[in-house]
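One chain, chain A, links the two complexes that follow: it is found with chain B in the first and with chain C in the second.
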Partner chain A sequence: MSDMSRGKTVAFRGGGFAPKPQRWIGVFVFVTLILLAEWGTRSGWITALTLPKPSDVFDTFRELYESGLLFKHLGPSLSRLVVGAAIGASVGISVGVLIGLFSYIRSGLVPLVAAIFPIPKIALLPLFVIWFGIGEGSKYALIAFGTFTPTVVATYGAVDNVDRTLIRMGQSFGLSWWSIVRKIVLPGAMPGILSGLRISLAIAIILLVAAEMLGAQYGIGAYILEAGSLYDLERLFAGVVILSLLGVFVSFIIGMIERRLLGWRS
Partner chain B sequence: MDIRLDAISHSYDDFEVMRDISLDISSGQIVCIVGPSGCGKSTLLRFIGGLERPSRGRVLQLSEPPEGCLNPLTYIFQDFALLPWRSVSGNISLVLDDHGIRGKAAQGIIDDVLARTKLTDFAKALPKQLSGGMKQRVAIARALAVNPAVMLMDEPLSALDSQTRELLMDDLVELWSRQPFTAVYVTHNLAEAVRLGHRVVVLSRRPGQIREVVEIDKPLAEREFGDADLDRAQKHLWQLMRDEARAADAELINV
Partner chain C sequence: MKLNRRKALALMGSTVAASGLAAPALAMNKKIKVGALRFTSHSGSFIAQERGYFADAGLDVEFEFFQAAQPMAVAIASGDVDYAVTAVSGGLVSLAQKGAIKVIGGALAEEDGIDGQKYLISSASYDAGIKTLKDLDGKKYAVTQAGSSFHYMGAKMAAAEGISLSFTPLQKVGAIIGAMKSGQVDGWSIVPHIAKPLAKAGAWHMVANVSDYIPGYQVTTVFTSAKNAADERGLTESFLQGFSAGVDDYAAAMIDKTADQDAMVDLIHKYVYTDRPREKAAPSIINGTMRLNSGAALNIASIQDQLSWFQSEGLVDADISIDQLVDRSYVDIIGA
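Now for the complex of A and B:
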């Protein structure tokens, strides 16, 4: 076997470039950062004005929960989020599909969408208050408007990317126009639409705070803004944590929908 | 159902793709179309199926399609064109739904075509779970489900490895022997052409023109892998095509 012992193992140079989910690492990062902040604020090298103590934030959160105020704030916020995002996303998906399918609508609306996309929707809040009233209407409108544009862009991009050979196949079997849209275009565009929704819904949460700037007594956004104006950092952070959790929750829900609807992807 | 191509010519803007193609396709025959790549085979097939219109000339349907024919001109595509989000039987019910065939009637047809293509056990599988050969068999089953008068096949075996190709050719011959169908079969593989074609139409390089139509009389069921007279026919086809293919190849480089 001298032949073998003389040989040199070929150096391995493959592998990598394929990140795999590692279950607990994310939690570990969160916990480490929080512990670091707690240690820093306790030992004093982070001053109380820079960052509140995580344990104080947690206490504030518990008080909020025990006093029942949490749900008083969360209720209106969630309903604003759900109604606003539902309107924005459904109108956005419909308009996006129309842009993806019809030349005239495409030529007419793509520049318009490009024009309204970069407008900071927050700047339009006073206008919405005039149009839709200081009550819930203006809040729904702001969130809906903010969700609408990214959804439109994601949707027509997704429709553009549907495999044309599948559409030709549908035509070659004599499928009706409506069948082709319903059974080929929409399911084919679903991956793109859902990843667009991830972004749109995050934007909806961002706009929630803006929407509650005017004429809101209760709501997570109103709570954060009040705490911010009083420099009450514990409450500010408690509110921010709620928004973060909301974001994680929304992303989890979309992940679930993706697993259910997009199991066919290889 | 007989089909006649009447003096078909076509250009995309200034780009001439084919010139004056006339051809009769008669019932129960498989007509193979071979030619160098880019000579307009796929385009011609799209004209026959009504997916595109030629600049000049017409495609004529010489007789009414037979009774019970849901989609007279039915394609089988090179890349299968299965909906990845539908199961095998879902892909077949897709094309039945629009003809108003649902429920029990649809199930009957689906069971029948799956049995004919030996896919009965895979009715619930998704396309991603199937091998290339099985995917193409699903596409064939889907085409059979609408009871076509003419099957339009665009390099249906080109995406498959050679063993799978042999198996599927056997399957096609078996299907045809049991119930002769009419087909226009586009391929660049001459072995497929002599194995499956009653007539082989050789196109020249772009602009595609008919160079020769080769008749192969031997019955499909008697043709075998490595048959001497098939080899002779294949050699003859290759001689016709060699210069065209070489010239076409050089042209692509010049573009």
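Now for the complex of A and C:
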């Protein structure tokens, strides 16, 4: 029994699967893929028809910036994105909250939202052109309509998930209905609403290309479509990179809003 | 018609016999894929298939149908389709620059005396006082995409009239027709069988002929992969031989009226406007009649003009030469 008295050290095994941020791995993956593509296109085992040289894409991007065309394309696209997404998201959040709070509205609108969610908004583009004109109206409408439905679904889901015990406690303490909505329901639903916005704003960027299919001379989407029809891969990839950067930027903005509005969580 | 067919076959037989050495290389019953749009301008291939001219040339042809010219060019580049007929577009030139495709012959062309493509002004704009092409200055001119043949036709007209147009990309012909009808765009150009019925229906006014502004315009060309053009000489010659025989029949029936037009309309109707009954399709097929170049001859001057225009607009690289785009060794070169 001498073993017992000496004791045996047992390593701590309950560390769990906690992911730790590895800051440089993401950058490393990007750089490796780009270098691989550059080497492949230079040495010739990737043909010019398959993939453009990353360095040529970078040159195209630089020319775009230096000629000032970048901002000529970015300006209209950003305004379409901001106006369309603002209309879609604000109407979507309002409708979603109403659905979450009132049984009649829920019964009336949830089937309707479910019916319009799966409609490919691009298919309605010709119709929008007749309704809202070939100018900016139809583009705003398409992006607004595309962001509206996912925002509604995320919002009423978030309202439904607010902790019931908190609401009951508020009622027990005699808070008015409006106070409960303002102080418990809305803050409680905010995490869900914001993560829903991440998805619907990404959809808005996707729809930007579709919105600029009809009648747009300038815009990132129009630029990508033109490059596609000319089979100009360098310009095509330069445009796609801009959309990706736009997505990263939007995600960053929402991250800032989350930190600001959800400070109560920590 | 029977007589004509027999005659044509006899002619074919004699050309194959006359070419002597080439004949064994041709008759191999090789399977090839031909890309086509369901337009009357593709009739050359349809006739060659239906009347057995491809089979006579030793080819087993399968059609691959597309909705637009651009995907067809990409399909040739990827090797999914062997031969096709389409308009010269910026995309086609870019693919030629990348060494993927070559233009080997000519098809649809504007010719004096044959009703060709029309410039149009939408009825809403016409009523608002835009009566001539010159009045279109600063107005919206519909194109499918930048660098398309519509863009070229509009730009050539604008240059001749000394006006500037706001080119509006609408991707599809259907979308443009809708936008013209509702007055969202002011001007456009299109083939006669679409222009005429809708002009009658009051959608737009036909104000000029494209041939007045672009004489000898080579609208569509025959093209193939650069590999076929360089390495498959026998196969490519066989295809052009069958195609040309189809084109000759088309011209005899539809333009020269030396053969039975009704039988030709029946044949084309098997491929074009198949969703409409014969009596409704016939006027459109007849209205769509344009010159398909005999022997797939290619108007090189027109191709050079189109290439130069793409380059001047910055749509394609400025250092692409005409010989990167065209292989002159297969057909008669005209306009040089």
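The rule is short, and it goes like this: the second predicted complex is superposed on the first by the 249 of 266 C-alpha atoms of A that agree within 3 Å, B and C clash if a C-alpha of one lies under 4 Å from a C-alpha of the other, contacts with A are read in each partner's own complex, and residues count from 1 in each chain.
In the analysis below, a residue touches a chain if its C-beta (ideal position, glycine included) is under 8 Å from a C-beta of that chain, and two chains touch if they have at least 3 such contacts.
Since this is a predicted model, take the numbers as computed values, not measurements.
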Should the pairing of chain B and chain C on chain A count as a clash or a fit in the superposition?
fit
In the superposed arrangement, does A:A89 touch chain B (first), chain C (second), both or neither?
neither
What is the contact status of A:I99 with respect to chain B (first) and chain C (second): first, second, both, or neither?
neither
Touching A:M213, do we find chain B (first), chain C (second), both, or neither?
second
Quick one: is A:A222 in contact with chain B, with chain C, with both, or with neither? Answer first, second, both or neither.
second
First (chain B), second (chain C), both or neither touched by A:Q171:
first
Touching partner for A:W264 - first (chain B), second (chain C), both, neither
first
Is A:S179 touching the first partner chain B, the second partner chain C, both, or neither of them?
first
What does the superposition give for the shortest Cα distance from chain B to chain C, in Å?
50
On chain A, the residue positions that both chain B and chain C contact, one per complex
none
Residue positions on chain A within touch of chain B in the complex are 165-166, 168-169, 171-176, 179, 183-184, 187-188, 190, 262-266
Quick check on the complex: what are the chain C residues that touch chain A?
70, 73-74, 77-78, 89-91, 94-95, 98-100, 140, 145-148, 166-171, 174-175, 178-179, 182, 184-185, 315-316
Where on chain B is chain A touching in the complex?
49, 51, 70-71, 73-75, 77, 79, 81, 83-86, 94-95, 97-99, 126-128, 142, 146
Mind listing the chain A positions that touch chain C in their complex?
47-49, 126, 129-130, 133-134, 213-217, 222, 225-226, 229-232
